[in-house]
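This report concerns only the one structure given below.
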């Protein structure tokens, strides 16, 4: 159903998969399979994803080291699936002004150790709408290959995720800012 | 002596002060007084700094919350000294790929809660030369009002701090990148 | 095979299960099913365990809050399986003198909020043989309902886990100490 | 005044000192000088305490490693004052069910690396009255040389610290429990 709606509007479908047994059934219907942070070290799931040919986005666990994140990616690569994207979205620390503490130096470490692309999720990582623009800019400025940003036409009345979702106007502003920052890294959007 | 050397070359002198009793003696000789992270909650020191008229740079403790950092600044402001600058230079977490984890969202939180300027120290905060450029860009992109960056003409043979110091060429590159990023925030360097 | 060896010697079999699809196949052969810390929030696995009638031991994730641990247990209880045992085995912090930091107050919090039994694993939690006795005593003194302790006749030559395994003599000493501590809590071993 | 009240009732006086310049003036009036966690790395203060002959109790900072705690103690010992007592009272982690996470394995590490006595403060370390007994037992069972416990005849109406203070009856219960636990370590109270 999601597939049909996406095709009608020329969109792609990404879906989280939490169980090795579901991978094969999902594969024909999605463009990207996501591994949630809680499943980052779910060995059977990672193995099953190694056998698909869909791109996989794997989210860093809230207490995972960069080494553990790269090992998780290796489990997928080892199965023959070379399309793995990593995602930084915060680690657990004592700091309480954001949901998690985004470890932006972790993005830099990944770029140094691996050829894999890494994106950042400032919406989930901060959990605070008033920090998404600034942290989105910071992640791109540090070298992240992309952002996952939650948007909503009316975040205050969103059914879920409203506290971390950008209204459309702010999203446009963020995109404008990123267009200015990217060239500092020799990149374009 | 430091004072004379600085005057000869038109430089400013910044000095760390670790004891309330030393503030008065240092005051005539320096342009900026620094409070180290270990002394961020040294109440007598903060009080003594409230009575000077020199600008004070106060570094966030490795386990200090943003609230505690702002309360430390308030101790100085309450004494009548209105020139207080804050500094983010990392918090202690489980992550081991950098000395500390820079809490860039903490910079954003400070900008939201306070009128005080905040700078970031990616040299000390990461402890790794290969991360200073990327983290310096990220801090400025997030809204930091400045950077503290350690530089050395020959870092590999520096007497101290070499592992986190930039050679001059990389510093020039960083400055060039920041010139491109600042306009994204409506700022210029 | 493990089952046959156990039966021959009057032992019980505990086995970790990492995938929902494996639960049914394992069930007839084991006395206890374990959920590893990495799978503490593996929703399909927890659901599948709710449908078995084997006791389940669920290990706290290295960055899991007590609330999240109890919610994971609830997922199993909700399926009708009432035999759930929790396990504290350390959280990730900046401290480096042990593998993880055992959150003994977390044991106390579990006893306050829940009727479920909770055991502690000082072998894995510390990763250091020289701390197992002291931390085992501390966990029992705090109210833990049991301990998981790795032992080996010759730990220095163990194939794995030697660094955290007790030789038999130290295990006997620990048991003697626990016999003295238990009465302080109105308990006996 | 505190001194006179103490002498009248045969009590000892302990006082926190936060500034090197105050040490000499306090020395004649107190039996024990305390260094707060915020001052654990206040170098001039530690040096001044090395020159007194009063015992010094030094509290571990909330983000201090065991190595840093022992180095702070060394600064005092190096001055010739051999009466140094350490104190574990919790570190900052993501866990929120207690004020701090008591690092009981840190006590064990100190006993291994140093001859210095170490006490624990479960009142401050947990910040929760309902955890003081259990954590006090745990610290003693792990090998702590003593406890700092806040008590109050009517904690619910205490001017400060009520949430972490024991009523007298619970303190008596704790003492009874510790009398039973100490022999497990070959000790008596």
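For clarity, chains are labelled A, B, C and D in written order, and residue numbers in each chain start from 1.
The rule we apply is simple: a residue touches a chain if its C-beta (ideal position, glycine included) is under 8 Å from a C-beta of that chain, and two chains touch if they have at least 3 such contacts.
For clarity, every value in this text was computed on a predicted model and none was experimentally measured.
Taking A-D and C-D together, the chain pair joined by more C-beta contacts is C-D. Of all chains, the one whose CA centroid is most distant from that of subunit C is B. We define each chain's centre as the mean of its Cα atoms; on that basis subunit A and subunit D are separated by 45 Å. With centres defined as mean CA coordinates, subunit D is found 31 Å away from subunit C. Shared contact sites, meaning residues of subunit D that touch two or more other chains, fall at 63, 91-94.
Taken together, the subunit C residues at the contact with subunit B in this complex read 92-94. Against subunit B, in their complex, subunit A makes its touches with residues 63, 65-66, 91, 93-98, 101-109, 111-112, 126, 128, 130-131, 134-135, 137-143, 177-178, 180-181, 183-185.
By the touch rule above, subunit C contacts subunit A in their complex via residues 18-21, 38-45, 61-63, 91-92.
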